[in-house]
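Take a look at the structures below.
In what comes next, subunit A is part of two complexes: it sits with subunit B in the first one and with subunit C in the second one.
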Partner chain A sequence: MATRVWKRFREPGIRGHEAGAGWLFLLPVIVILGLFLVLPIAMAAWVSFSDWNGNGSPLGAHAHWVGLANYRDLLTTPGLDQNNFGEALRNNFYYVLLVVPIQTAVSLFLAVLVNKRLKFVGFFRTAFYFPSVTSSVAITILFLFLFSPSGAINKLLSYLGATGPSWIYDPRGLFHVILGQFGVNQSGGHLANGVFLGVTYWDWLAGPSIAMCVFIIMAVFTTSGTFMLLFLAGLQGIDESVNEAAALDGASEWKKFRHITVPMIRPTIFTVVTLGVIGTWQVFDQIYVGTKGSPLNTTLTPAYLSFDTSFNNNNWGAGAAIAFILFAIIVFLTLLTRLATRSPDRVPRRRRFALTGAIGDEKVSRIGVGS
Partner chain B sequence: MIAHRKTSIVRWQVALALVVVSALAVTTGVALGSSKSSKDTTVTALIGSSGPAETYAVKNAARAFTRVTGIQLNVIVASDLGQQLAQGFASGNPADIFYLGNDQVATYAKAGDLAPLDNLKNVKSFYPSLKAAYTYKGHLYAAPKDFSTLQLIINTASWKAAGLTAKNYPTTWAQLASVAKKLTRNGQVGLCTNPEFHRLGVFMIQAGGWLVSKDGKTATVNSKANIAAFNFVKSMLNAGSMKLTNQLGAGWGGEGFGKKECAMTIEGNWISGAMTADYPTVPWIAVQLPKGPAGAGTLQYDGGWGLAAASKNKAAAMQAISYLTATKVEMGNAKAFGVMPSVKADRKIWSQTFPKFSAFLAGADYSKAIPTVPDIATVLGDFNQQLQALPTTSPATILNRVNGELQAVLNKQ
Partner chain C sequence: MISDAVAIRRRRFGNAMTYSFLLALAVIYIFPFIIAVVTSFKTEPDATANPLSLAPNPATTSAFHQLSADQDFFTWVKNSVIVTLSVTFLRVFLDSLAGYALARLRFRGRGAAFATIVAVMAVPGVVLLIPKFLIIRQFGMYDTYYGMIVPLLVDAAGVFIMKNFFESIPVSVEESARIDGANIFRIYWSIVLPMARPALVTLFILSFQGSWNELAQFIISAQSASLNTLTKGVAQLASGQLGSGNRYPLKLAASTLMTIPVALLFFLFQRRIMNASEGAVKE
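Coming up: the complex of A and B.
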């Protein structure tokens, strides 16, 4: 047996050597990815289960295994760690909830606009894309000036006879403000007393704070251009003949958009929503430059909290644990997005058009099924 | 044939996986285990500078040190001191000496990042209250280089316009409330300050309260004295004679004061730099804060030089710290960027040179520094966040919450 195996090794098949060469060519990438991606992630995972205090290597004598203690501090043990984490999750949840749909809709709308044959379309494409290529730090500082209580936005509002809020200093939740208009304010009872992750149910329902709304507007403003570009590529992949055929059938602009454009760019929508969800759950630089979590922790996000907990408070275990919980949330939501935007690739056999095979155009058959 | 190829590929894969793993292990080992075996006496200093004036002064002092001792002293200006310190400690190769605020000293000392400085040559020259602010578990972990205290800053033009004279400088809470009311006119509010413990905490001390008990084991944030202090602040807020800077849209008290949105603020001696640079037309004076029910009290902020436990040139680094905290260098810094020297010997010259700042120096006798408790910065961070809601929340709610958080941190010690 042994000799047979050895013989096989000595006499590889025709392509045996090529497999080896392939791995050899991959080696640099594997080493680089391993060193800068896999290894740091593995070390961060270890830190999240340790009491490492930032002194020396986390693999050295200063770090000890503490099991799930860091995760317990965040998820089950009442205290400051849990409060901050709960508030960060709440803030980021509303941020994602508002930014992702709005930026997807706005960027699709812009893409449809600049996909038309209009005058100066090149200018508009550049103009819409411009915020995306500007540094987020620069834009954040610009927005801080615009939305300062005595800034341009409030000046503009004052010309219209309205008094603007103090924006980045205003910790009131948007939903609380709206509810307040209808005379609904916090009272005792279940909402005030029930607590999840250190935050009362009433505060979970606060919505994004006015301060967070500034960041929401900024995110839509800066990212729509990038996603417009993705949508534009998707739109230009649609065969014009399909639209013409629909027009011949008497479909209105809206119907063409609803039943042809949207189904045909479904993969792009998935990409945009997924990138949006990932990007918005990782929001960091705007917070770091802008508010550092103020006012009243309402712009605190898990990514910033992770940084702050680790670097400023020397609590590396909890900081790494936050990062991993955030990772789990993002993976879960990405899978959910995949499920929601899954294209009906597997059309039931009985509903297939007879013509499909003849034309050989899968897209047409799918649209046929969809409409 | 196919089976043959598969085995071969599998073997290749195994071999390569082994190579990759060992390559990774070797590189990691090298990266983690590397230690500079340099014998040169170069000391690195990491500083968080307030501006070009400070950077220039420190670099000048470093050059002078090199001339005297022959030891090279490299000054690096950090853009984010906390982050760069943390990176240094984790890499095992931190800067030898660095700026260290007293609110971080316990956290780093507990983690074993700092080397004690009990044997520093000039250890006896510092004010005792400053040394206490850097003492953790009986050891001194930083050499105080300068300090600041908070006092009352008054816009003298507004003061006169309201019909007030030097006799009216408030010495009690009631007088403070009354002058704040008189100064609230012409779109200007009497008093404004940051909604944070690091400013409003002065009222806690004046009321006889503090964050922790004398033995440092019990949190006393929600004591009756502290509640009385914040009720006083709230009464001024409700009267409209005081506003928090977030209500004015100012970044800090100095901005609100400089923009003439308030006639008085509570700040430290650093305000002088901002007033000269940004608001040269606003005339101001610093007077001592009023006494509360329990007497005079203010907060003290300390800057110091820390020494890394992982430093390879501890002796040379200690020499550098001694030099940088010597009387002459500290007076030079005071002239260059307006800090108060940490050495007692400088007191007389300093108050003669800067009579305008005598109120700040007077605070040295009755000021308190943040207790040296690991993780206290986290709790105070939340205290500051909660205080932003002071106008709409009862002080007891905020103080109870922070008390619980601080007690949890104290229990972990």
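Coming up: the complex of A and C.
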């Protein structure tokens, strides 16, 4: 009996059998990923170098090679295409600049609070996570209602004696508004005359529009729960005895947080920042449901512009080119964050894998859907 | 050194602070949803005049009647159910098949296949909108259920989750089954899958949530009103200027209804969703 078992394992046939089964098991996944991910990317790359206008097949006689013309229209040739693209980049840049730090800080703060051994802590975790479960469509409609000119938020502000702005109808840039408080309203000279990607330097400094601020608040509201769970996992990996020892030495809550918690969960912080950057450059659903880029293009994002240029204006070459530039931006920023992660830190590699590998990727699919 | 009394007082104060923070934050996180539900029972003038009030005056279910009467709401629900169930069950099955192959079966090219899947996972979804539309049209699947469903059937993250899980369970049971001469699919189906229940449930929840809430994929894969899902239909309801007024009770009623299935799933599997993170770290 024993020898027979031993012999079976040595049979070369069993490996071959496994190989067949292995590829068979993988086949559906590989075919679908190949046909609906790899192949389309190649096809879109071709379209971004063509003048296809939506008639017939992009592989047929209707599409002609135009070289880098679509990319030039966006990046170097002054015109409406470039102007829209510049504005979309600016809007999304400020969106990322505000959402990523705020959502990271808020979710870390929530995680620290719900990590305490307190009664009802489960209830609070549920409450903070719930917005992450809902669809971007439902949340956007809710926020449009809350932030409508006569809506709940402005009603609350009026109780406090303040008059709220008209929110999603207000194209003024946040930084311009703040500068306006100090009497700086319009600059002359270099800032007004200098132009980059069809947008004046002064307008580059506008900050997110008041309308965009609604989407910024919404993004923090909907994603902080997801990231809270990531941080919670990180916090529970910290050995409680370290905190107790620090407490015995009389360290304050803030000191413990600053000198124990933050260094120990650094890998999680980097994961959250990376996922945040990837997610926030992909704003689409909210804009599609909410504003379609209005007012005055101040909520336009590259993702929405790419869609709009292709599907509504039939300028498929430019739309595909925008998608590829956006892709390049996201890849570049991800690599940049990865480089930052490499800086020497004392957290063992294995723990880092458990944090980013086991849960991180599970969340990627969620975030990919609509953050 | 601090005395015990001071320490206890300090801790009590700390707890009180934490609770007040938590309560204030919970109100901020929950209140919007309460407003959404309450507003869907209001009349339009009432919703506009008293956006903060929690007592509809007068209370009415007309938004819900309107939804079922003159919108194609039932078509949207039907399509969402068809798409979500097909995507969820097939995705869980296909992802776990692939995850098992990558974790357990030894064959040439396994490493390369896994590397490809990870690379694919890194491509941002929004970048793929135009490419996916092009290929769906090329294959003649535009404006069909196939075009809406098939591209969603596989997600690399799901394969990754399943592979990780299979690697964490002991191989001995499978080995003894193999010695008894069971074929690989039998082993996978009747021994491995039952053991993988926790991971399958996690993947089920993620897939259900993801496909129920999906919007972009349905925008680019179909145009007929008869193929509208809830997300797409309600999104058009939100941006369309049909009828007069802002119609917020109607829109919020629709968003409330479309949230119910994912909310139910969430509350049902709450513990699993919340503990998914804890379990991963103990490992």
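In the analysis below, the second predicted complex is superposed on the first by the 305 of 371 C-alpha atoms of A that agree within 3 Å, B and C clash if a C-alpha of one lies under 4 Å from a C-alpha of the other, contacts with A are read in each partner's own complex, and residues count from 1 in each chain.
Keep in mind that, in the parts below, a residue touches a chain if its C-beta (ideal position, glycine included) is under 8 Å from a C-beta of that chain, and two chains touch if they have at least 3 such contacts.
Because the structure is predicted, anything quoted here is derived from the model rather than measured.
Visitor: Is A:A192 in contact with subunit B, with subunit C, with both, or with neither (first, second, both, neither)?
Guide: A:A192 contacts neither subunit B nor subunit C.
Visitor: Check the residue A:N297 against both partner chains and state whether it touches subunit B (first), subunit C (second), both, or neither.
Guide: first
Visitor: Per the contact definition in the header, classify A:P40: touching subunit B only (first), subunit C only (second), both, or neither.
Guide: A:P40 sits against subunit C, while subunit B stays out of touch.
Visitor: Applying the document's definition of touch, where does A:S310 land relative to subunit B and subunit C: first, second, both, or neither?
Guide: A:S310 contacts both subunit B and subunit C.
Visitor: So in the superposed three-chain picture, is A:F145 touching just subunit B, just subunit C, both, or none of them (first/second/both/neither)?
Guide: The answer is second: A:F145 touches subunit C but not subunit B.
Visitor: So, does A:V184 touch the first partner subunit B, the second partner subunit C, both, or neither?
Guide: Neither partner.
Visitor: Mind working out whether A:V289 is in touch with subunit B, subunit C, both or neither, as first, second, both or neither?
Guide: After superposing on A, A:V289 lies in contact with subunit C but is clear of subunit B.
Visitor: Please tell me which partner, subunit B or subunit C, touches more residues of subunit A.
Guide: So, of the two partners, C touches more residues of subunit A.
Visitor: On the A-aligned overlay, A:S166 touches which partner chain: subunit B = first, subunit C = second, or both, or neither?
Guide: first
Visitor: With the two complexes superposed on chain A, say which partner A:G56 touches: subunit B (first), subunit C (second), both, or neither.
Guide: first
Visitor: Do any residues of subunit A touch both subunit B and subunit C, and if so, which are they?
Guide: In subunit A, residues 5, 8, 15, 19-20, 23, 30, 35, 39, 57-59, 148, 150, 310-311 are touched by subunit B and also by subunit C.
Visitor: Can you tell me which positions in subunit C touch subunit A when the two form their complex?
Guide: Within the complex, subunit C touches subunit A at residues 1-2, 14-15, 18-19, 21-22, 25-26, 29-30, 32-33, 35-36, 39, 47-49, 51-52, 94-95, 97-98, 100-102, 105-110, 113, 116-117, 120-135, 137-139, 150-151, 153-161, 164, 179, 184-185, 188, 202, 206, 209-210, 212-216, 219-220, 230-231, 234-235, 238-239, 246, 248, 251-252, 254-256, 258-259, 262-263, 266-267, 270, 273-274, 276-278, 280-281, 283.
Visitor: If you look only at subunit B, which of its residues touch subunit A in the complex?
Guide: 1, 4-5, 7-9, 11-13, 16, 19-20, 23-24, 27-28, 32, 82-83, 86, 89-90, 92, 107-108, 110-113, 246-249, 309-310, 375, 377-379, 382, 385-386, 388-389, 404-405, 408-409
Visitor: Provide the residue numbers of subunit A that touch subunit B in the complex, in ascending order.
Guide: Touch residues, subunit A against subunit B: 5, 8-9, 12-13, 15-16, 19-20, 23-24, 27, 30-31, 34-35, 39, 53-60, 62, 79-80, 83-84, 148-150, 166, 169, 171, 293-297, 310-315.
Visitor: State the interface residues of subunit A toward subunit C in the complex, per the touch definition above.
Guide: The contact residues of subunit A facing subunit C are 5, 8, 15, 17-23, 25-26, 28-30, 32-33, 35-41, 43-44, 47, 57-59, 110, 113-114, 116, 118, 122-131, 133-146, 148, 150-152, 155-156, 221, 225, 229-230, 232-234, 236-237, 250, 253, 278, 281-282, 284-285, 288-290, 292, 303, 306-307, 310-311, 316, 319-320, 323-324, 326-327, 330-331, 334, 354-355, 357-359, 361-362, 364-366, 368-370.
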